[in-house]
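Data block below; observations after.
The first chain written gets the first letter, and so on, giving A, B and C; residue counts start at 1 in each chain.
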C-alpha cells in the first residue's frame, strides 16, 4: 500500500499549517491584506478535502504504520467532515476581529483539525492519546484567545483544567489496559479483554469518563456552557461540532474494536448515561436566557441522542451515529454562525438581542430558522432524518424505552428551540424601527451560511446517498 | 533474599512515601522536591528493568527540566505556602472512596495477573543495554514513527499556543 | 554482583573523590596564581614554598569558622543544599575513563580498570546528572530566606535550563560522530582525529554551555557580587560555604574532564602521535597523564576567560542561549548527521565536510549576532 495515502489529509493539513506560519510575517505589516489569511485557510482546507476525496479513498480496511492507524471508511468519512467544518469555521473566524488578525488562530484551527483526523483513525492507545492531545491543546488556546475578555480567559482555563483532568483519567484507563495485556493496539487488546471482566469494567469506566468529557456527556458536561459562552463564538461552534464528533469517532471505534466481548455490561450503563445526558441537557436548556448557553445545553442533549445509536450497537446503530454527527456538524455550525453574526452586531447573546431579527435581516433569520428546526428534528431538515434513524436503530436492537425517552426529549427540545424563534419572528425591537438597524453580513460568513443552510436542506431531502456513505463507513468498523 | 528484590521493595517504599509526601506537604517547594525524589526513584526502577536510556531520560527531562521549571515558578510567584482548609470539603471523602475502589481493583488484578498469557518482553540486562537503545531507536523510527512525528507537532502547537496566550500583542504599525 | 565488585567501586570512588577534593584545593591556588599573573600581580606566595600551602591554610580557616543559620531560614533545606550541590559534582565523572583497557593492572587478583563505571549510556548519565545539579543552588538560594539569595537561585535555574538544551545537542553531535553513547567507545573513536577538530563549533558550544552550567564567568550572574551581594551563597559561612565553593570548583574539574573525553580524545594521545612510542597503544600508562594535561590546559582556559571577559547582561545571556546557541547547535546536529551518513555511504572523505559546514554555520551565527547588535545600536542612536 502506498505509504502516504492513509495520512494524506493530515499531510496536507500539516503543509497548510506550515504555509500559514510562513505567510504570516508577509501579511502582518499590511492591514488590507489581512483577510487573505482567512480565505487562504478556508481554501486550503477545501483543497485538502477535494484532493483527499479524489486521491486517498480507502479500499479495504487495513492497519498501517505499525498498527498506529486504521485506514478505513469511518475514519475517512469523519476526516472529510472535520476538514469541511474547519473550512467553514475559518470563514467564521474572518468576522471575529481578534481571531482574524492573528495567523496563530488559523494555525491552531488547522492543528486541532489534524489532531481530530488522527483521532478518527487512530488504532493504537499511544496514537490515540497523542491525537486527542493534539486536538485538545489548540482548542484550549482558541477558547481563551480573547485575552482582554475575562469570560474568554475563564473559558480557556476551565476547558484546559477539565480537559487535563479528563486526559489523566483516560490515561489511567489506557495504562491499566496496557499494564495487564502488554498490548497497545486496539485490535490486539480486544483479544485479551474477553476473559477479564473486572479489568474491562475498570478500563471501560475510566475511558468512558475521559471520552464523556470530550463529547460532553452527562456527569462530565459541566464545562460546556461556561466554555461555549466565554469562547469566541466560531470557536464554540467548532468545539461543539467537530471536537464532539471526534470524540464520538473514538468512542465508536473503541467500543466496537475493544469491548464487544463485554458489550452487555456497558450497554446498560451507556443507555442510562444517554438518558441522563439528554434529559439533563434539555431540562436545563429550558431555563436559559442566553443563546450560547442554550446551544451549549442543547449540544449536551444532542450528545445523548447520538449515544443512543452507540448503545444500539448494531451496524445500523453505528451508521445512524455517523449520520447523526454529520447532520449535527452542519446544523450546529450554522446555529453558532448565526449567533456569531448577531452577537457581533448587537454585542449581546441574550434572547432579547434577537428581537425583530426577521425584519432586520430576513435571510439570516431564515438561516436561523433552518438551523433551529433542524436541531429540533423537524422535517424536511436533516436533523429529522438523523434522529429518526437513531431511534430506529434503538428500536431494532430492543431498546424501545430508550427510543421513547429520546422522542420525549425531542419534544422538550422543540419547545425551547421554538422559544428562540419566537424572539426572532414575533417580537419587535424597541421603537419598532428595525429598518434602521440592519444586520450586515460579511462576504465570507455569508458564503459559509449559505453552504450550511443548503447542506441541511439537501441532506434532509436527498438523504439517500449520504446515508449510504455513512453505512459504508460504519460497515468498516465491524 | 534476592538482592534485586530487596532493592525493589526498598524503592517501592520510597516511591510510595515520596508520593504521599508530595500530597501531604503543605509547602509547595517541599511538594515539588518530593516529586523530584519520586521521579528519581522511578528512574531507578527503569534501571532495574534494564532500560537505562529511559531511566536517564526520566531524570533529565522530568527531574532536571520540568521540575526545575516548577520550582522556578513556585519561587518566582512566592507561592510556597499552600492555604489551609479545603475549598470543596465534600471532595475529600469522594476522592478517598474512588482511591479505595481503584486500589481494590489494582490488587484484584494483581492477584489475577497469573492468568494472563500475554508474554511480556523479557527485561534486558545491563550488558545488552546498548543493544536495547538501538532497538528502541529502531522502533521509534519504524512502528512508532507516526506518534513520534505527531509528538513533535503537538509540542510545536503547544509552544505556539503558550506564546499566543502569554505574549502581549504588539500595536500594529500603521 | 559480588562483594569484591562493590568494594572495588567503593575504593575507586573514594580515591576519585579524594582526588577531586585535593584538586579543588589546588585549583583555587592555580586560579589565584594565574589570575595574578594575568593582572601582573604575584598572588599567594607566603604559606609554604611558592605559596603551595595556601589552600591548606584556607581550609583550616574555613573549618574553624563559626557556623550560623539565618533566623528564618528553612533549616532542613539550608543544611541540605550544600550537600545537594556538591554531590552531582562528585559523581558526574564516574563514567569517564582515565586510561585505556590495556592500562588495567592486577591488584589482589582483580583486574583494576581506569574507570569507575563503564556505563553504556554514559553520555546520557552525564547529561542527567548535569541537569539535576541546579537543585542545590536554587535550594540554597530559596532556603536562605533572603531576596538576593533567592534571586541568585532563580537566575541560576533559568540559566541552566536555557543552556542545557545547547549542551545536550552538542552531546548528540558527539554521539553521532562516535556512533555510541559509551565513553570508552567515544574516546576510542577519536583515535584518528579529535572530535574538537571534526566538530569545532560543537566544541565551542559545549565550552560556552558548560561555563553557563557551572555559573563561571562570564556567566556568573547567580553570584554577581555587585548586583546580588554574592547571590545564592550570601547567607552561607564556614564549612557550608566551603562545600558550595568546593562544588563550583569540582564542577569545573568535572566538566574539563568530560570535555577532554568527549572532544579532545580523553586518555588518547594527540592523533599525530598515534603510532609513536608516546601513543597509549604502545605505552598505556600515559593515558591518565594525557587526561591530566588536557584538563590542566582546559582549566587554564576557564581561568583565562574569567580574567579577561566582562559579565554578560542577563537578558543578553538569555537571548544568546535561546536565539543563537540553540538553533546553531540544532543545525550542527543536522550537519553532523548528514556528514556521517555521507562518509559512511559514499566516501569517508566526506567527514571533512562536517568541520567545514559547522564552521560556516558558526560564521553565519556570528554574523547574525553582529547584525542584531548593530541594529540595536542604530535603534538607540
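Everything that follows uses one rule, which is that contacts are C-beta pairs under 8 Å (C-beta built on N, C-alpha and C of every residue); 3 or more make two chains touch, one makes a residue touch a chain.
All figures in this text were calculated on a predicted structure; none of them were measured in a lab.
Relative to the centroid of every protein C-alpha atom shown, the closest chain centre, again from C-alpha atoms, is found for B.
Chain pair with the most C-beta contact pairs: A-B.
Taking each chain's centre as the mean of its C-alpha atoms, chain B lies 29 Å from chain C. One simple way to say how far apart two chains are is to compare their mean CA positions; for chain A and chain B this gives 32 Å. Measuring from the averaged C-alpha position of chain A to that of chain C gives a distance of 54 Å. Among the residues of chain B, none is found touching two or more other chains. Multi-chain contact residues, meaning those touching two or more other chains, do not occur anywhere in chain C.
Of all residues in chain C, those touching chain B in their complex are 1, 74, 77, 119-121, 124-125, 127-132, 134-135, 138-139, 142, 150, 153-154, 157-158, 160-161, 164, 168, 180-182. If you check the complex, the residues on chain B that touch chain C are 3, 29, 33, 36, 52-53, 56-57, 59-60, 63-65, 68-69, 71-72, 75-76, 126, 129-130, 133. Partner chain B is touched in their complex by these residues of chain A: 7, 14, 29, 31, 65-69, 101-102, 104, 107-108, 111, 114-115, 118, 124, 126-127, 130-131, 133-134, 137-138, 140-141, 144-145, 147, 156, 172, 176, 180-183, 192, 195-196, 198-199, 202.
On the side of chain B, the complex with chain A involves touching residues 102, 105, 108-109, 112-113, 115-116, 118-121, 142-147, 150-151, 153-154, 157-158, 160-165, 169, 172-174.
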